[in-house]
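Notes for the one structure printed next.
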Amino acid sequence: MNFFLETLVGGLLAGTLYSLVAIGFVLIYKASGVFNFAQGAMLLFAALTFVSLREQGFSFALALVLTVLVMIVGALLIERLVLRPLVNRSQITLFMATLGLSFIIEGLAQGLMGAQVRALDLGIEDVPLFVGEIMVSQFDLIAAGVSGLTVAVLALLFNKTRIGVALRAVADDTRAALSLGINLNRIWQIVWAVAGVVGLVAGLLWGARQGVQFSLSLVVLKALPVLIIGGFTSIGGAIVGGLIVGAAENLAEAYIGPLVGGGITPWFAYFLALIFLYIRPSGLFGDRIIERV
Amino acid sequence: MTATVPRLTASFDDAPLTLVRRRWRPGLLLLLLVAFVGLPWLGNDYWLNAILIPFLVLSLAGLGLNLLTGYTGQTSVGAAGFMAVGAFATYGLLLRVPGLPLPLALLGGGVIAGVVGLLFGIPSSRIKGFYLMVTTLASQFFLEWVFAKFPWFYNYASSGTISAPRLELFGHNLATPVGRYLLTLSCVVLLTWVAANLVRSQVGRNWMAIRDMDTAAAVIGIAVERDKRMAFAVSSFYLGIAGALWAFAYLGTASAGSFDINRSFQILFIIIIGGMGSIVGSFIGAAFISLVPILLSHAGQWLFNGNVDAGQLQNLQKVLFGALIIGFLIKEPEGLARLLGDLRERIRVWPLRF
Amino acid sequence: MHATFKRSLAAIGLALGAYATLVPAAQAANEQFFPLATYRVGAYASSGIPVWAGMIDYLRYINDVEGGINGVKLVWQECETEWTAEKGIECYERFKNGLNGAPVAIYAPNGAPAAYALADKAEADRIPLITLGYGRTEATDGRVFPYNFPAMLTFYSEASAFINYVAEREGGLDKLKGKKIATVYHDSAYGRETQGPLALLAQKYGFENIQIAVADPGNEQAGQWRQVRQLKPDWVFLRTWGVSTPVAIKTAARFGYPVERIVGDIWASSNEDVLPAGEAGKGYLALTPYPGGADFDIHQRIRQYILDTGKSDLKDPKSFGSVYYNSGLVNAAIAVEAIRTGQKKFGNRPLNGEEGRWGLEHLDLGDARLKEIGFLGLMQPLKLSCSDHEGGGAAKVQQWDGQQWKLITDWVQADRVTLRPLIDAKAAEYAKEKGVSARDCAAQ
Amino acid sequence: MSSLLEVRNVSLSFSGVKAISDLSFSVRLGEICALIGPNGAGKSSLLNILNGVYRADAGQLFFAAEPLHRPHPLKAARLGIGRTFQNNALFKKMSVVDNLLTGLSRFQRTFFLEQALGLPRARREARAFAERAEQVLEFLELQAWRDVAVGSLAYGLQKRVELGRALIAQPTLLLLDEPMAGMNAEEKQEMSRFIADINRDLGTTVILIEHDIQVVMGLSSHVVVLDYGRKVGDGTPAEVQANPDVIAAYLGVSHA
């Protein structure tokens, strides 16, 4: 029983990290209808930039600020060079463009900052912590806390500020928003920048866990089932989806894994997503698609 | 025109048999001659093993994915998974069915892959767009896992890899570079011909109709769901055979890892760059994606006679590829095939400019 | 459509034409070619980069200081494989005919996928493959695998050496009875390779053999280590690689499994593996056939002639003497010594693949010779033969103190006799599946 | 001659909003029936119900006196109900002739493999299909654009291609959703002529939605007037024009 609870809690905590990555997706998808496969690469790039800056002897805070700036510049470039020329193209086209984008970013990241594994120390000690009989990772707790904080900030940003209002307007009805004189390109720039920053946070948390290097960008593959389960257009969905995936994955590895020889985590989340798809083809919180003829 | 339905169909059977009489263009014949006789004759091991065979196999895979994504409009990022099915199935057949001739084993491998593809295609009736794409990702990871996990598939080899069985046809040994090349080439030519038939047939038109607007397709009497599934099956059949050739004609060995997600992306890029919904595009794309890296690394060796960091070259190449993909999507959504076509037109009218 | 079809393929034909110029023209040259199939990018680049530095530095040392191998200069060229089979093949095909007339005597595929893919091709081309610390274990049986050399330490021997080390710690092989020994392995050909031998040894010594898979790339291992924590094994054999190693160490710490009870294998035994784990790595044990450290005799020489003269391939000098750097040295040294051996028979000239193989199969590096070339302590005595393509079969155990590796044992010898039947069986099976007949070593 | 299509007490609503409420009318074999009414009167929704794109909440449909259970677009097409769309639903990347050919799918009898391998039966079928396509091209005077990608055609022509795509399947009932929307007077005449010919020469029953009253009165023999999903008029053009409710609900408005 303890083992079960422990697995569950551990899974949920890990899930918050998945949510964080997924939120990056949702933001971009809501605002520009782009399924941004490059999210993982952005995450890698952010983390690498941060670590490199730290290695250059910058203070934590300064490095953080500089990285954020880099991500913003990146967002501007992407909007100008990739999104704007592809406006009004099919979503699949845009998705493929982001595939290309992820290549560019990964290539740049490794070219500029090297391929060796970097240790990333956030000063969070990663020791087991006991809540009664149940062992929880202190790191996971803090990571979950940070994720929660990030989400809260985002919520504020999008509910209380004018940008947020504009963004939601765009998400609801792009044409109407345009007629209201909302600058779509500006919205995209902002959203990609924010997504980049979210990527940075996620990148740092993941990086601290596994060291910062190439396979950090593979985290993106974890986020897809989260999106399917939560729906592409709902931040709430991304959070819930992340928790579901995290928990289910860990429970499955613990209970189903031994029966089939383990190592099922890579696909189990997707398997789960498929089941959800059959029940709700547009995710738990996604908007229903209505066929117009 | 006032014929009613039954009479209409009846009249089809006695219609003259002259529509799709294919005109064998001398150019095509020449090309085949070069491919079947010329290249084996002058090509050395490097050409055959390192360039021609992988190029042909990738073309075939691209063709397979193009039928599904380019013609039917169902984006799949799980292509490599079905290649794996084909490879392991063919291996299993050769291993467990004694005396089974190679062509039948390949065919069998393809058919099994097709059936698996059919299964994973079932969701396509309910799920569309990205959601469908993610289901193909799921199939990718699942299949990869299956072939890594269950020893039966790789005959309990401790390494989990399958190695090419004796490649022979009617007693002829095909294990030589030339033999493997010819085997691959024959498969590719044959399947290309079939694909050409398909896309010109009613089935092909139905696929394209579904791609362009599936609700309308249903309204005018196209069995959308059936034809989508059909597309999945055919595509997987092609991919399966490509996978078997990849494993046995090219690598000579394979494990689940040989067919990972990156292979799927590679094949997707082949059709993006080459041209969605274009048979020729699959070949051009494959040529591009398999030759450019090699050219680049050679260029690196020449320019800096080996003093260049191979790693940086690789990164540069990655960036280049990404840029190219985006570039194509922006400038030429129909890929290199279209680009070359236009170029040809321009060359044709060129003298007139003066 | 056919028109475009024709044109495009014609275009490809032209592109191919460009290669005619690439195929090196054979011309006599008193040089020996060392092809370097490297992986400097991709998920495993971090482990690769120091290796090539080690190889290149040693080759350069041989050239600049010793004037080559008995006067035969060494030339080398890199080719990026990204640790993939297909690029590995491309590089092999590019290199196998030598470089401007300098022949290839020995080829190192550097990467399991390429090693498997090249096995048949190399045999057909009569070029011996050295797979140091990876590749087919059954290739130890040189009768069935004439051109395949898993030299020094196969995964089977590694497993056995690990068990022998555990026994040493527990106070004798008899003490193994009833112990729980878990293997956390990278779920791949490499990772699964030790399942056979461990099963056999478990049955022989009566310990409980637990196998826990980590799916590639292994950047999330909570499930696995929760399992470890639940099963409470006495020892954990960590057979991960790339990113999965630091993640494993960190995750183990998170679940409170004592790191000094974890023994990493060859590919989880380098500085690059533990550094990212930071504090958590302190006390971590690792098996290695080429221990870390820059105090061996060869390092003095290389520091003097290569490093300090700025000729080194190392980007950051910190990794001088790192495990992977040293593995590069050992790799290169074996090849060089094999060619030296071959020259005794064929004369002081560049050797081709077949002659290179003769050299390998008659390679005999005793402590005396190792001392001469400055590898004593860094490399174990190695004697290869027609029927034994492994030789050696020993590893040292080193412990990470947070800064560097400290050697805590001498060579721990594997029980190769016990495992040999397993190997012969597999080799025979392979021979049967492939329909090849073993050669008769008495005749050699 | 009894009715080809009968609509009985059909209702449809989108998330609470009534699009069609308790609608009944019937269409006789061989007539041209016009559906008129202001925008949002539920005309298009009705057509979507008739060929199974939408599912009615209540009521029944009878086609050739047979009740239509669980209508589905494919099923409707196989019964011989053809359809064009308000804003054309053509396959834009395909040529005119290919677009027409897709309309013949319901007559396809050869198996997949036969087509893949180009076996005689498949080739005969293809041949026959091609002939029929040529006939339709001729009938609608589209030969000139035979191999042009539909996407690049003028709007009016696209409408005609779409008509042809429905026509080639030899429907017994043809549903035309604003076939003349956005056309100039001349094009409208042309289109009316085609529709009239189809109705006369091929005996195809036609239901069309049209806003231009002149056209409607000239073309149709039966008019059904909808307003907010309710039927406010049903009869010959003359009767309908005389009907005060109709004038109130529609004609007056449209002429203002």
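Letters A, B, C and D mark the chains as written, and numbering starts fresh at 1 in each.
What we mean here is this: a contact is a pair of C-beta atoms (placed from the backbone, for glycine too) under 8 Å apart; a residue touches a chain by one contact, two chains touch by 3 or more.
Quick caveat: nothing in here was measured; it's all calculated off a predicted structure.
**Student:** Tell me the fewest steps from chain A to chain B, where a step is a jump to a chain it touches.
**Tutor:** The fewest touching-chain steps linking chain A to chain B number 1.
**Student:** If you tally contacting C-beta pairs, which comes out ahead, B-C or A-C? Let me know.
**Tutor:** It is B-C, judged by the count of C-beta pairs in contact.
**Student:** Looking at mean CA positions, which chain is nearest the middle of everything shown?
**Tutor:** B
**Student:** Quick one: report the Å distance separating chain B from chain C, using the average Cα coordinate of each chain.
**Tutor:** Centre-to-centre distance between chain B and chain C: 35 Å.
**Student:** Averaging over Cα atoms per chain, report the distance between chain A and chain D in Å.
**Tutor:** Each chain's C-alpha centroid was found; their separation is 48 Å.
**Student:** Distance from the CA centroid of chain B to that of chain D, rounded to the nearest Å?
**Tutor:** Distance between chain centres, rounded to whole Å: 40 Å.
**Student:** Check each residue of chain D and list the ones that touch at least two other chains.
**Tutor:** 53, 85, 89
**Student:** Could you tell me which residues belong to chain B and also touch two or more other chains?
**Tutor:** Within chain B, residues 145, 148-149, 215-216, 219, 311, 315, 318 contact more than one other chain.
**Student:** Listing for chain A: what residues touch at least two other chains?
**Tutor:** 110, 115, 261, 263-264, 266, 291, 293
**Student:** Inside the complex, what are the residues of chain A that reach chain B?
**Tutor:** Chain A residues touching chain B: 35, 81-82, 85-86, 89, 91-93, 95-97, 99-108, 110-111, 115, 221, 224-225, 227-228, 232, 260-261, 263-264, 266-267, 270-271, 273-274, 277-278, 281-282, 289, 291, 293.
**Student:** In the complex formed with chain C, which residues of chain A make contact?
**Tutor:** Touching chain C: residues 3, 6-7, 10-11, 14, 110, 115-121, 126-128, 135, 137, 139-140, 206, 209-216, 218-219, 222, 249-250, 253-254, 257-258, 261-266 of chain A.
**Student:** Quick check on the complex: what are the chain B residues that touch chain D?
**Tutor:** For this pair, the touching residues of chain B are 1-5, 8-9, 11-20, 194, 197-198, 201-203, 205-206, 208-209, 211-213, 215-224, 230, 277.
**Student:** Which of the residues in chain B come into contact with chain A in the complex?
**Tutor:** 75, 123, 126-131, 133-135, 137-138, 141-142, 144-145, 148-149, 215-216, 219, 261, 265, 268-269, 272, 311-312, 315-326, 329-330, 333
**Student:** What residues on chain C touch chain B, complex-wise?
**Tutor:** 1-13, 15-16, 18-19, 22-23, 38, 40-42, 45, 49, 77-80, 82, 85-87, 89-90, 93-94, 96-97, 112-113, 116-117, 119-121, 125, 136-137, 187-189, 192-193, 195-196, 215-216, 426, 433-435
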